[in-house]
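Letters A, B, C, D, E and F mark the chains as written, and numbering starts fresh at 1 in each.
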Amino acid sequence: MLHIVNKSPYERNSLESCLRLASKGSAVLLIEDGVYGATKGGSFEGKVLAAMADVKVYALAPDLSARGMADRVLDGVSVVDYGGFVDLVAEHTNCQSWL
Amino acid sequence: MKIGVLVNEGPYTHEASDSAYNFVKAAIEKGHEIYRVFFYHDGVNNSTRLTEPPRDDRNIVTRWSELAKAHNLDMVVCIAAAQRRGIMDENEAKRQGKDANNIAEGFRISGLGQLVEAGIQCDRLVTFGD
Amino acid sequence: MSDEMDMEEGGVIKKFMFVNRKAPYGTIYALEGLEVVLISAAFEQDVSMAFIDDGVYELKKGQDTKELGQKNFSPTYRALEGYDIEKLYVERESMEARGLTEDDLLVDVIVMDRAELAAKLDEQDVLISF
Amino acid sequence: MKIGVLVNEGPYTHEASDSAYNFVKAAIEKGHEIYRVFFYHDGVNNSTRLTEPPRDDRNIVTRWSELAKAHNLDMVVCIAAAQRRGIMDENEAKRQGKDANNIAEGFRISGLGQLVEAGIQCDRLVTFGD
Amino acid sequence: MLHIVNKSPYERNSLESCLRLASKGSAVLLIEDGVYGATKGGSFEGKVLAAMADVKVYALAPDLSARGMADRVLDGVSVVDYGGFVDLVAEHTNCQSWL
Amino acid sequence: MSDEMDMEEGGVIKKFMFVNRKAPYGTIYALEGLEVVLISAAFEQDVSMAFIDDGVYELKKGQDTKELGQKNFSPTYRALEGYDIEKLYVERESMEARGLTEDDLLVDVIVMDRAELAAKLDEQDVLISF
């Protein structure tokens, strides 16, 4: 399953809820303001690193660049473009947007 | 693969419409079929031809219209959500006794059933919202 | 998800789940979400609803919107049974974090812990989130 | 006391417009002067006369129009925000080469300076948003 | 100063930020989904109770009733109607909405 | 706040603070907020901006929106000085929680801890929040 999160983990509870309810082996794609969850040095970093033992985390490149965060992506996060986003949707049997 | 897209927020205020547009373009480039783009909640506000954004900014509405024309996209605006928010086509305006309509080219107003039907017909349904 | 479809009377039956994560009245998502759920009943799909995070507040007993001036749509949750929509899953952790118990809810629900609900999410064909 | 009100979200989707309306009504009842209601961001969407909400729901747009008429309220819609979102009056539509306009009675389109000016002139400025 | 919070503390960070930045003696008015912050039994209760040593907390009655929460307001929270909201605005020299 | 006004050249000078709490691009609030700030410069008020929570992300160096297709408005923060808007307050706690330092910001700011910033909020006449 592909989980899509588009909000900053510092503003909303959506990434936290997503990680709580994502089964082992799921993929989590961070887009829009969600990409802040994929970056280094913040207080949410530990939760994402811990979650990466069970889920694969992706972040959308155009959203990282727009926010000036492309150079501080957490190790282990895969950066994808919109084409990669489409591939993730196609590769997983279903997807849930954590709005 | 047959993909449906749901857009839940209006233009400019949230990035949802941008993300959906970029996703749809990429999916078409990858050879997928976009079965339908369904506009719900404030998403219906993407379909008004009365927007006039600053010249140095993207024009979200006409960008959708052009993409639809180029790729024969089915862009459906939920009728109930549209009525609440003031999106009207010629028929609806007549039916509701309104003196104007504002829908842009390439969008059609229809029922929520079109969303459920897209969920049934598509291999994937991807939602963009707030 | 096309791999997992059942067929019946020549039609496709998919597992649809509507995921509710927003409180009522502060935004329209809960209300307009219900409108989709009701429409989906006409398509004879395998429909369920999940209530997570502030979505559990949608089911709180005793809602009274008279002073607020909005329509109280909470009785609609009780009417869902008549549409054969009976699988209402509530996440135990979300309910408990808000100090709510099953007795506080206006309709019978199936309470699940996060692991059970995560498994339910995984088995859906179509997830629509509000 | 002279009070200004800023409304940043559109009708129905967020409670902001309801809260602002109820606040303005209460302030008038308490004998305060509402110097101006300024509509910014998606708040401009409160000013379209093309809405047609369900009959059992409140009509947010006409409710504002009627309140303005009854109490001679100055309701200002930000021109830049309105252009982005497709809110036009007759003059603007002409100027932009649009074939329709959609503004409702009681609203006037003007610049952002009207918001700052309200901040200067009023004893209090209260903001309602998402 | 009057602080106005309209979001659930379980969904967003606005009440938490408001309490972090409200000076001693300020008033905090909870409206819309913000009223959940004024209710008993949830995991945010402790933070609000602790804050009430320094700030006065109000909650809007019509929003509490709409959500079925009128009977579980925290002790010490003052419930007001829209007229009371107007009075709070008038009584304080300035106000900030934590959008 | 009328008690605390200064008068100069016959006009009122009020303390205006624009409070920024939202990240850029995900929503339009930061951009449209800046538009108000720029307009306010024409009114010769005592204008300041506060960056709290995700608002500090607005000031992050190195924003590049080419791929996203939105306009990069971050250079505008550097232009504020030319409008005599020089009081940009950043909350230290918000910056640190996000792993940012002053070196990450594209413009000179005044970093304050929560208690200092709380005192600044208190002394304003008009607070407008995005």
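Here is the rule we go by: a residue touches a chain if its C-beta (ideal position, glycine included) is under 8 Å from a C-beta of that chain, and two chains touch if they have at least 3 such contacts.
Just so it is clear, the model here is predicted, and its values are computed rather than measured.
Enquirer: Name, by label, each chain that touches both members of the pair chain B and chain F.
Expert: A, D
Enquirer: Kindly point out which of A-F, E-F or A-C repeats the C-E interface, defined as over half of the contact pairs being the same residue numbers.
Expert: Within A-F, E-F or A-C, the interface duplicating C-E belongs to A-F.
Enquirer: What whole-number Å value describes the gap between the mean CA coordinates of chain A and chain C?
Expert: 25
Enquirer: So what's the Cα centroid distance for chain C and chain D, whole Å?
Expert: Inter-chain centre distance comes to 34 Å.
Enquirer: Could you list which residues of chain A touch at least two other chains?
Expert: Counting only residues that touch two or more other chains, chain A contributes 6, 10-11, 13, 32-33, 62-63, 81, 94-95, 97, 99.
Enquirer: Enumerate the residues of chain B that touch no fewer than two other chains.
Expert: Residues 12-13, 15, 22, 41, 80, 124-125, 127, 129.
Enquirer: Name the residues of chain C that each touch 2 or more other chains.
Expert: Expected reply: 1, 25-29, 53, 68-70, 125-127, 129.
Enquirer: Got a list of which chains touch which?
Expert: A-B, A-C, A-E, A-F, B-C, B-D, B-F, C-D, C-E, D-E, D-F, E-F
Enquirer: Any idea which chain C residues touch chain B in the complex?
Expert: 1-2, 12, 14, 16, 28-29, 32, 35-36, 39-40, 42-43, 45, 125-129
Enquirer: Would you tell me which residues of chain C are touching chain A in their complex?
Expert: Residues 1, 3-4, 19, 21, 29, 52-53, 91, 93, 114, 117-119, 121-122, 124-127, 129-130.
Enquirer: Spell out the part of chain D that touches chain E in their complex, as residue ranges.
Expert: 1, 3, 8, 15-16, 19, 22-23, 25-27, 29-30, 32, 124-130
Enquirer: Please give the residue numbers of chain E that touch chain F in the complex, ascending.
Expert: Those in contact with chain F are residues 1, 13-14, 17, 20-23, 26, 93-99.
Enquirer: Flag every residue of chain E that touches chain A in the complex, lowest number first.
Expert: 10-13
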